[in-house]
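Okay, here's the structure, questions in a sec.
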């Protein structure tokens, strides 16, 4: 009846794993704090300046609002165009990266590698480069957002494609339809709603992103954000941030509603 | 003279906030050391009935006494002390899946420790020994250092029973303890409960779907339908036909 | 009576049939607005030649910048970037826990006032631009990676708090119930049941957020908050394309490495 009590394994007796992970974590934390010069005291000794800034931000200059309406529109326009262009380019890449449609492992691997590489680049970094190429203005912003959403959307898209039901495809294949016909009649109807949903989701993210792109000269509200910050005009900064918040929330709301209707 | 029952229900009613009736005029006593099986369809109020005994659910009116003490007055520490003497077993075992069996079993002992000690897992050597003994009673001592989610369903339920034993319970409530198990492990788990009942004199109250199992293990069967006791007989007088009444709809 | 019965479905089918036309019109209006609103003027003549020199720089990166022992080289600054992301995410994860419990729905509360307010606060934090936070913290602690750490710590709360609170809402309450029924008090339930149940998910989300933080830490330097972003923006402004090339290469490798490392850790966790 009485079963054998086991010997505690060596690893557990000395708590090797938890102690190892804790030491690693503490080591990394200490190294990181030394490398970044984190100093709790410094934050509190400068707290006066910080609170001063907060106080000034807490009094938004509402008369600045009419000035920033146009750039706010521009921000949304940039996001819409950038997302659309990015998504349009993403579709063929997504098809080529989907393992159930493309059986050539090499082609798929190369396409995925390209997509992975694109996704590693932060949006502001792209913006800085495209401002250098296209000059200051919304063109750089649109291109940045297009590339940024291309990387994101193509991954979301090919993951959707990989989940489709292969039945209709095989039916069309068996009657000898060509690849494009198959995609049009068998793939597209299955994924259209999810595509639109992911498109809207990307648009939400791009609206958020586009509000700061202008900080580096890539058009939209960010230009004014940078201006107000450089002029230490924090009451204007506050208006810009509040207006951005409202825009982002409205877009999120519309997009969430549409996505719920779609799915 | 008849001994006082360990649990007694008097005119117990439970109405949920949304108006549904959970329990309706429940009246019965459970003598010490009984193996009671509550049968009924799902939604009949079995689970609610069980949970009113350790106050995991509150009742709307009436009185529940445990060892002749009305339990509705308990609060804070006294409520926790009440719960300490009532062990509970669940359908889904309710273990911390990623912790070791030892940790899960020791957790059953929490109410014997001050907060700070249990938070730091400073359990005494005696209680660690007790954990091994509890596991031995469910024949699982060899899994002491295994992770809970490495065990099969039946084994997890046995760990849960070992955890409950750490409370030194006088009563064990088992809410559909075998609903997620296959027939073979079902027998193992029910046998363990029966043994605890007979060897330790623990009063056991089990909710079951299966009438066959109820007849195999119970000293007495109570049938619930729509929150009402529609059947209450000692095992000697249980007949199949009578029991079917419990399962009639409306 | 008769007419209303037959009319209803007819108008409904009509609506269904022509609904797409309405959507098409809406989409057309939105796109017309978007395209006509933007003016693509200011396009530089030099765009082509600049692009060419960028590509040229990218294929001939400035290898000498990789390591020169000055502490201002690529390796040192990449490490600093990782340090900003790591410390910021760690601090943020700690602060996010109480926020998450604030914003998690619990069924018991009245009209979700508590969780609703928590969710609004998290949305506000999430929407507040990270670089503005960085600039604000630069005012407080001066330019450098400390400001970056603070910006990442605060900004990440918005997302981590949301992910954590969803994890709490969806968690298995079984272990909590078991400890409650064994007579445990609130603190015991939390430490012995809630935390061990939820911890793997919290850690997994924190790792995921760390991946994102690495990306943002590499651009925070563009506003002066430390890390690799500072030499990057400087190299772009001075048109030092070989330098830009090597930094881009460094960032890409760093992100790929961290992503795959974190992904493997997360797979082992869940």
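Chains here go by letter, A, B and C, matching the order in which they are written, and residues are numbered from 1 within each.
We take it that a contact is a pair of C-beta atoms (placed from the backbone, for glycine too) under 8 Å apart; a residue touches a chain by one contact, two chains touch by 3 or more.
All of these numbers come straight from a predicted model, not from anything done at the bench.
Comparing the chain pairs A-B and A-C, the larger number of C-beta pairs in contact belongs to A-C. For subunit B, the chain whose average C-alpha position is most distant is A. Subunit A and subunit B have centres, each the mean of its CA atoms, that are 50 Å apart. Between subunit A and subunit C, the centres computed from C-alpha atoms are 7 Å apart.
Under the contact definition stated at the top, not a single residue of subunit A touches 2 or more other chains. Subunit C meets subunit B in the complex at residues 172, 174-175, 177-185, 187-188, 191-193, 196-197, 199-200. Residues of subunit B that touch subunit C in their complex: 54, 56, 80-84, 86-88, 90, 92-99, 103, 107-111, 115, 118-119, 160, 163-164, 166-167, 173. On the side of subunit B, the complex with subunit A involves touching residues 100, 132, 135-136, 139-145. On the subunit A side of its complex with subunit B, the touching residues are 1-6, 8-9, 12.
Across the complex, subunit C meets subunit A through its residues 30-31, 33-35, 37-44, 47, 50-51, 54, 79-80, 82-84, 86-87, 90, 123-124, 127-132, 135-137, 139-142, 144-146, 148-150, 215-216, 218-219, 222-223, 226, 229, 232-233, 236, 239, 244, 248, 251-252, 255-256, 259.
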